[in-house]
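One structure below.
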């Protein structure tokens, strides 16, 4: 394929065969196109999907590397039409670029390729909205650094839905799934005060990390605080505040922000978390905001999932976001 | 058994042996009688239960055929006394008729028997309230047609709790679990405007089906709309409106109306659905309404269930409905 | 160990090795000490944990005997710092005493040892707050009787979070998991009117038990009633009322008070129950009350659990209680 | 039922409804009759089945109490005709007596009832062959004692297929699943030299138990020794030797004699065990022997089973035994 | 695709993307080509694979309809090189045609399409060897009838590896998974004496079916008989005998011929069956025989599988057959 | 602990508390000592156990990092006395050193520590026999290199029980679980002709790897070849040949050498493998040989296990080896 500018990618491992020229009752796998053997006219696309099958960088054991394919399998059971909003996502053109190639034993090299993939996306078709499917949370640091490299003059803010700060010490852990936000702050990519973390659970963040968060000015709202105030309000406030400070808001959704009953398939699944109706509303609101320019979904281990609950919730998260995005487009 | 007028039925596969002449601490399996070898005095009974072990008519793979026996096993762990309402269901007399005989390879013939079973129920002991336990949603079309055949002059309305319209094209699918409501409308059994569908999820209904629903006047409220308005209010409004238009309201509960965390054991389990506390209240309210004259519970695949969550929720749905029914009786 | 005054206990089966002299990022298993080979200075401790691996006394099959070790394993994934309240539980000193020795075939003898363990705790270090981890609910009768033996002049009240009355007939069942509250009432240990049971589900309590509860004056609020009134309000009212009548409030949490989706791992898991956010708030409130002087967590069968949901919720229940306790201490 | 002489039994919890007067393609559940509401002509029967739902007496946690019903459910998928031998088991008349009533908290009382049940069987219809379905191995001691009480002058031998000696110390464990053979020896019911234990695994028997076995003259052959010699040969030799010494050979099959891949559903499932083809041949051979007069199958926990492997293997074990029994009858 | 002569097929639902022009370390999914958008030069191919996702025709509940995709997923973990025989299957050219389209509610119509697919295969590229992946055993009747229609003058024999006769009464069951061989005999497609069934288990075939088998001259060897004689010998004898009587030997492998430990994922999984080493040798031997001209693999329900054991064994069965086929080719 | 010379190790995460001074009925966890807080007299010990929780180096997703603790948990159910051989392993003194510390994102650094651990073992108490519990197969290269560094003048041979060659290209994969033997050969640590690989499966090794094996002179016997010749014979021959060529034979057991039914919990579980009775005999034989001086067990992912089959088989493998070792000692 001559114009597939992605030496660092494997094309999607599975291509869903389009069985018919369906124009009605379109399922998500019949809508999202895949980068295949033929020429791609990039100008046709609105959204790109990037799979990042890396979870060797996780602190606890994780098969989040298998999530990109798990979500691709699962979105076969979703349609493109959102009856709640009378919006058909099929008005957007979406292409699945495939997966970033991973090295078996060299995590740093895999991370380098992830960053390069984002640089390439921003260089070759910057009009498209990139959605990255992890993999673990370490990838967020690489993706945001890639964005920064492609747009060195932009100020970037982070809207993070997460049960953890992800501010652990880089010196101890390296670029792991517990350190991406600290990585971005320490590298000067993002300012602490441009990070808004919403949904932190009670017993899963060390006091030291809170102190660090306070020190660098990270904004955070625990799940319990968010629910009292109204999650929609918290999200709206964060977007409002960020939009006055930064050029680009990067939305990162760590699926462990969910309560364990909604997200049993996350390595750190825990009580006291968000409900899906709250999460879907939150990301739809973010999708509507014009400064939200990239998104990722991370830390979902399909092997740990129960009854596909988490994987389906992750697909719905992506589709809820795109519903907001469609509203924005109008 | 001389007066068991059901050549199209197998008697319940299991008969729970009554171990003692218990009059207290009655469990549901000790309360519901089963049609056995002895004469039945039909005039004694208030409610009949009919098992319909058919799911070959499902679009996706389903073992909903095993649900009647799964619910019979599970209701052993429920008592008859509802502490919340201080109502003892044991004041009702309930008999389990058994299961409609199924043909291994001839779905049309199985469907014919289901219809005949409802005709027989309405002919032999019309004072009893029939509860049908599916099987998949295709059975609803047969049961309502059976009712219509037994009562040709009645106008029938449908109160449907479902994540789907079930209005797919009959020409493509035949009498499948995606088509029962369309089947009833196209056959003239029920008018579109006499259907109220509550609880539809966001991404699981094609735009074409919404257009068809609008065209034939089906009333519908998505889950998100219903929650905003209050589900109790939506149910009450639907019952009110229907009661002015029809003689008989048929309640059909597709268990996939539940959110995937409450109903992991439905073939189409999906995010964005109803919670059980909402469902139990909804059916109890329907149970209180004098025009609700029949009910079914469908599309529960016990093999797909997790920790018996869905099967137990289905049993509770039946018992919540009967709690409402007891209030009506008073 | 010369001053380990517990001939009726086995020390904890596992001792988590302290790998480092960590002072930060403390996990619960690094914080809770275990009674080992060295001398214990009991005056240093605020809270004692007692494992009671008994579930042979359960009416239905239960492996709740494996719960003490399951919770010990699971609390490894919790930290001591509660971000929601900015409280670090590590300000409390906690010691795990180990498990009450069980006889293979003599349940009465095992029960005797449980009672003796509570007597020993109250005798040797009465300043510590005892948390008992069952095991099934039969143990509560033994623990409260032990307390009474150690403090014969105290009046004891019970705050019970449970889906059942636990008032079944002792003559039929013996000291089983369905009879502990009746056992305490009939033995004169606790007065019926000093029992407050909150969270009872609809279809899981016989009419006879309600009549008995009314007869002996047990106070109860069903789950549905509690949710209408506000669970926090119900808890506060119960504590208020009890605190005027008794010297000591014993808090017993039967995990089956939870809805089946939050507590799939309880032998009697059922629909219509409490949500974890409600439970965590309830026990935190109880933790704050100075008259609450002992607590247990019972009826959790880890083999029946799904995705560790119930076990993690149980650990969080203990930590939420201790959060309240820390507030009390200040 | 006037002539159901079993006050200590509950009738089978489930009665499989005979749907038709089938004379061909008979399934096991259509063949085995159940003691129901009508008079039983005991003289018609050849074999009686007794369920013993007791596993509170197990050293490790066990739900073997659920095995009688699990096997009853599973034998629905077996036919009565054994194609391998051209023998139709339906030539035997078999009746399922039901389950011995269990006390919730008094194991000794449950044991007493088990013994009484065997006495009753031997008194009321001694011409029938009793098959007992456990439950755990503690029941064997009670059943053999019951036999001895009914036939005080008979000498009894034991053919035991087991991975364990079951000779643990009664003083420590009481009448648990680790002590039945010692119980029989110490009580003088059976002589040590009249016990033949075949199939013991390598690492699951303490040296002390071997010494005790040697001391009291128990005959034993480890799995590895048995396989070298040929299991059929070992069985034949044991039967031969026993038949010269005793009047009655009692066959007890502890399902943990199987290798873990054939018996994953036993509490003590372990490597290094018997294969089913060996076990089926062994019990068929025992079935042929005229002095084998009773049999039990124990220590199968259906909750621990994988893909119903162990439960189906247990049903096949019973049917293989009866195949041998049919040959004997001719 | 202009020359894809299969209106009755859907192309494979998934196309494994060839990531590189690998010439070494070829995995099965990189070797088997899929009928895609481009022209196919049929003369290049040696073997065709046909998926048949039908299991509505099964007597018991079955998701064997999901097996074609399950095997396609699983063969990704197998290589093409057989180290045991030093044979590289990649010397064969194999194309996956896709799946026969299924009707949701009309089994007869689905069966018609299956037959048409075989007719088309035999008409368009009769030099290729067809391997059909079911689906349930009902498909074998359709496939053999299709072969007969394409080659009306050929005499066809059946080599069947199965735990069942599959000779049930067509009048009762219709063209179900219990009747295919009877269907072929009664329709005159195959003579009873040209059927060799090897591996029948003990308790899973009614006496009536044996009598019918004897009546129509079906040759059969039970698993126990086969093992005594040596399975290789039995297979060789059957092939020898058939090769003197028929033009074409059709090999059908019902995966339930395996013992339950090797095939837990078959709807009728049962004790007393074949081991995989026996099955692999048997099909490899059949693969070597020049008169074996078609093969199918049926009755594998991937949802019922445990640890992918059965699906992987089915893939190995196909590859062992092709190993034999390669030897034949030389 | 002053004389714990292992800065690169964490002590075992769990210490099994010795509840009593048992001298009889010793379980494995009561026998194996753990390096704790007190001084260790190394001269007392015969065998050391080293846990290596690394599986980030695996080609496919693996939680083999959790295997050391899984085996420690599982050996609680094994006794020390081997009835088959009348050998009590407790005559050996064994100490569990703990686990090699792992870096979250730097695999090379983790590998370095593994090597250092072996060097330390050989330096500090070279009279002990080291058993290493992986982790994935990449660790074998590190352990053998560590041995070589400690004993530079020794010639080392490898006895490998494995379904794979593990000779993949280091340039592509790095020091992964597919490359350890090539790593040892290319680094000059071991000669190709001093490697004996037994048990290779059919379809899981590329032709290129066989060619490389032939090129460097690796000796190999496929599973099928080994079974024809007799596995004991193959092992004996390999040991015999190696003992004439090398000073030290290192035994490495990749659990995927087992058939998928015996080892469902290996990442590459596949049909066509070894049975446990064959494996146990093989390692016992190796244990007897005086030149076998170290052993490891690798590539077992406990999360993928079914019914603990693989973990228990791995523990038995270790104990069978030590049984052989005891015979050697005498």
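Letters A, B, C, D, E and F name the chains as they come in the text, with residue numbers starting at 1 for each one.
The working rule: a residue touches a chain if its C-beta (ideal position, glycine included) is under 8 Å from a C-beta of that chain, and two chains touch if they have at least 3 such contacts.
These numbers come from a predicted model, not from an experiment.
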Chains touching chain C and chain F alike, please list them.
A, D
Looking at Cα centroids only, farthest away from chain C lies chain E
More contacting C-beta pairs: E-F or A-F?
E-F
Chain at maximum distance from chain B, centres defined as averaged CA atoms:
F
Distance in whole angstrom between the CA centres of chain B and chain E is 40
Approximately how many whole Å separate the CA-defined centres of chain A and chain D?
58
I need the residues of chain C touching at least two other chains; which ones are they?
261, 306
Within their complex, chain B touches chain A through residues 200-210, 222-225, 227, 259-261, 264-265, 268-272, 304, 306
Chain D residues touching chain C - in the complex, by the definition given at the top
55-59, 61, 63, 65-66, 103-108, 138, 172-176, 178, 303
Chain B residues touching chain C - in the complex, by the definition given at the top
24-26, 28, 77-86, 88, 261-262, 276-277, 280, 306-309, 312-313, 316, 319-320, 323
